[in-house]
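Sharing a structure, written as structure tokens. Questions coming.
Chain lettering (A, B, C and D) follows the sequence in which the chains are written, and residue indices restart at 1 in each chain.
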Amino acid sequence: MADLSTDLGFLRLRNPVLTASGTFGYGTEFLPFLDLAAVGGIVVKGLYFGPREGNPPPRLVETASGLINAIGLQGVGVERFAADVLPELRRRDTAVIVNVCGSGDEEYYRVIEFLDGHEGIAAYELNISCPNVKRNGACPAMDPRATREIVAGAKRRSRRPVIAKLSPNVTDIASIARAAEDGGADGISLINTLLAMAVDLDTRKPKLGNVLGGLSGPAIKPVALRMTYQAARAVKIPVIGMGGICTGRDALEFMLVGARAVQVGTANFVDPASAARIVREIGDYCDARGLARAADIVGTLKTGL
Amino acid sequence: MRREPAARIIGKRSWGDFHLLRLESPDLAAGASPGRFLMIRTSDGFDPLLRRPLSLHDAGDVWIELFFRVAGRGTALLAKKKEGETLDCLGPLGRGFRMDGFGAGRTAWLIGGGRGVAPLYYLARTLISRGAGVRVFYGGKTSAEIPLREKFESAGIPLDCATDDGSFGFAGFVTALLERALEGGRPDGLFACGPDAMMKRTGRMALGLGLPAQLSLEAVMGCGFGACWGCVHRIKKDDGGQWRKICEDGPVFGADEILWEEA
Amino acid sequence: MADLSTDLGFLRLRNPVLTASGTFGYGTEFLPFLDLAAVGGIVVKGLYFGPREGNPPPRLVETASGLINAIGLQGVGVERFAADVLPELRRRDTAVIVNVCGSGDEEYYRVIEFLDGHEGIAAYELNISCPNVKRNGACPAMDPRATREIVAGAKRRSRRPVIAKLSPNVTDIASIARAAEDGGADGISLINTLLAMAVDLDTRKPKLGNVLGGLSGPAIKPVALRMTYQAARAVKIPVIGMGGICTGRDALEFMLVGARAVQVGTANFVDPASAARIVREIGDYCDARGLARAADIVGTLKTGL
Amino acid sequence: MRREPAARIIGKRSWGDFHLLRLESPDLAAGASPGRFLMIRTSDGFDPLLRRPLSLHDAGDVWIELFFRVAGRGTALLAKKKEGETLDCLGPLGRGFRMDGFGAGRTAWLIGGGRGVAPLYYLARTLISRGAGVRVFYGGKTSAEIPLREKFESAGIPLDCATDDGSFGFAGFVTALLERALEGGRPDGLFACGPDAMMKRTGRMALGLGLPAQLSLEAVMGCGFGACWGCVHRIKKDDGGQWRKICEDGPVFGADEILWEEA
């Protein structure tokens, strides 16, 4: 059996497969379908400081090989998370990464400061790239300076590693990745969803309550792979890739272009055991090819450049 | 660990756009109860990407039935499946109809429109087997849209039909038929499934009369098991409302819990 | 029968459906499949001044509901185009728009100056957004200033209307759209392809000879619709929308969010009669809904904002 | 105006991964000639998005045949199609084999590997009907990969088989078998279809011996009719080479025209 363990520097994972924030609930929703100890770790649903209502429905539109969502980060807030969810997750043998949200920089910091007082969290993933909250889809990860500042602010306050989650809705992903690195991020993860829209021709209304939403799923994989490749070449900190990953081969492709770990998102909805299956498929691929360590594939793409 | 059972199609009937599939699956049958649903893959590829929710139309010891109407691409693909093929199903999911208290001497009226009748057959059978008195109100646009009427009748389930165009039974909405029936008598509870407008109207009627009513709601579902928060509906809470998940907290809610958005 | 005619201000079209550059050859390839007089007009394959070799194969990769291409603008150059293709197109009753390419600003201008000497061209579409030529995918349409300057330069030289074709690979499409308007563009068209990548896990090589390529097709429609919406709200000049359009309903959705005309791209490959079918489907929709003029739907989306 | 004929499947045979479909279509049959191909939709949805190229395996007055091997998702979907269903086909497309000069007293050797044998049956039949002498060299990895040998034999087409594992006929590559045969005699021309490596080798052999050879090339195709410029191969021009479209200028090229990239 190939060695699937993955070293992010700030965190060692049993295998490179994490579940993506917002697509895996608080983890507990998936207990009927998979063993949380089978995946490398889970990134829980984005948390604001307080509970959030989220956007009015409809919140989802299916598109060709994709899904647009405008959930708007409905959630329970840090207090209930720490009281109800964390104890449950601590009993499972898995790395828990908390996806941190905020309406302004200060809220991100408050979430971190609060959670720093609780055990059972391996790292924070700063969600500076959610396109569903503001109606024009703007977010800090669209600007290098805003990215660097919020990451630096989070790092100053946090006793835990901080991963910056980047947006694909930018001209130059390399410069944003470098800004996150400059701000002191321990790693970056990408991509969040592509800003998108769907309309109902007959009613002449947007199909989403929020007008705009974020596109995910297999449709975006080619863009996600390109951005992961560009980001991985731009920084030295570890890169976590995602976007449309549905199979072990998909996951290994992201590793090939430079991702040290991956996240599985929309695929969890289609097949709730996806993440565990992908781990198995990575192992099977390595075994079939005689690869002793899955991590050896990271960044080995031959571009002839 | 719950697996996704690949269920084999062992029976199929079609009436125009409406189709009935019987699947062999002890796993699915084991978790069955009226009002619960399955999430079903309709293609091997990524288009359509998401599973489609379909209610349990009936269930036995090793089989379950689905009854659906072609509404778009996913259900059209499903309609093409033939006996002997397998379906990738997740479930049963959700909280179904609550039947406690509905035993001998109690009466339940079931109201369904179009494809919304799907879960009511199973519900009617189950209530009857518990000794409750059941009456089903079944509506559609035309007589072609109430294809299950013979199935209900041959099962001995009392049935009142309504068609918008009067081509069969009462001429008008099934809610109007129900309204008329309620003038002549009162059941101990209402159970309804159908489009939002029908649910809203049935709920209002029940609340007005102080009758307990359970309504099965629909929404586009990303996952079906509570993970995506895509399927919410506004449900009463304290003095206000709160978005709750139809797939997990429902699809069946009490009429008194549901808040309807202004159109 | 509904009136499908479309007024772009600088150009009146018989209907709002154009064929997208690079997906309709020089037009003549489609003569066996459709009557060029059935579509609103055709945008021919991108032209550099001289003939171009294009990229080494493989040049295409199919993805989930999408297609990545890295053709690299192989083409015959303006002289052979004017000598061989234009006379053939002039005999067909259709508006011909030439997609103008250049390795630097000067080449764009030379193409325009040369073609200005020939009849039978309705407008130029400045392809300032092709991601396939440079290996990092950069192009003028990624920067507002570069966009404004090249558009202004083209306008100064051209005796014909100039449409600026924008890239989706930007943070803020509205600012680029405004830059094109400021530069004097008569219209804008969008989106060009999303910068993308595909790799072969087994050989560990990129699947495209050019490493990076451009993603098109139904997969990108939700992003294209969003950008068309944002661009149409940002400028007063007419907007031509495209990206994944396969049916009359798709086309009408782009019009609903503000496009005065649309272009059909990848769909031409799947069904070479697509553009003519889409025209018919638009007509049928209008007739079924009792809409007297298709143009009346433009920009009528009700967002409640 | 050429339309896309929806052709009905009127016959089907399968050997493991290999499938043969007979389609009824006077339109497709009308443009048929050996070496030309169809572009075929494999799904109603957008995934897979593009059509797939398949050669004409045979053709009559109102029908054509396809022979293919499952290579991925598109061909797998195609393999699921049943008699009575229709296929959305575009074509025939491309420039096929040039048979002028191949009449009575002339001999043609045809070389095919795996799925590459598909167009050679039609070509062999046509050359024979013109009076030419034909010999077919047919290779595969194992005996299971040369399923058409009986079909060739019962049509009375002289056949030499090769399998990599020696499970049937000559043990080794079909090009090695050809090489041996060429030691014993020379045809007037070679016609080959198969993977690039085989085409390259066959072409080299032919050029070395000064034998005219026509090779049918493959490439991923976006459109199949010359519009996308996606399917290019390097073809000789003046002193250098030029990317030419396989779908339009080919798929059949003279061995002397083709330039092979260094690997």
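Following the convention adopted for this analysis, contacts are C-beta pairs under 8 Å (C-beta built on N, C-alpha and C of every residue); 3 or more make two chains touch, one makes a residue touch a chain.
Note that this is a predicted model, so its numbers are computed, not measured.
Within the contact network of the assembly, the step distance from chain B to chain D comes to 1. Distance from chain D peaks, on a Cα-centroid basis, for B.
Interface comparison, A-D versus A-B: the pair with the greater number of contacting C-beta pairs is A-B. Rounded to a whole number, the gap between the C-alpha centres of chain B and chain C is 47 angstrom.
Per-chain CA centroids place chain A at a distance of 36 Å from chain B.
Separation between the centroids of chain A and chain C, computed from CA atoms only, is 33 Å. Of all residues in chain D, those that touch two or more other chains are 45-48.
In chain A, the residues touching two or more other chains are 61, 64-66, 217-219. Taken as a contact graph, with one node per protein chain and an edge wherever two chains touch, the assembly is complete, since every chain touches every other chain.
Contact residues of chain A toward chain D in the complex are 64-65, 218. Residues of chain B touching chain A in their complex: 1-4, 41, 45-51, 90, 219-223, 225-233, 242-243, 248, 261. On chain C, the positions that touch chain D within their shared complex are 22-25, 29-30, 32-35, 45, 53-54, 56-62, 64-67, 69, 71, 74, 217-219, 246, 266, 268-273. Considering their complex, residues 45-47 of chain B touch chain C. Chain A contributes residues 61, 63-66, 68, 135, 137, 142-143, 169-172, 194-199, 201, 203-206, 211-212, 215, 217-223, 225-226, 229, 244, 249, 252-253, 256-257, 285, 297, 300-303, 305 to its touches with chain C in the complex.
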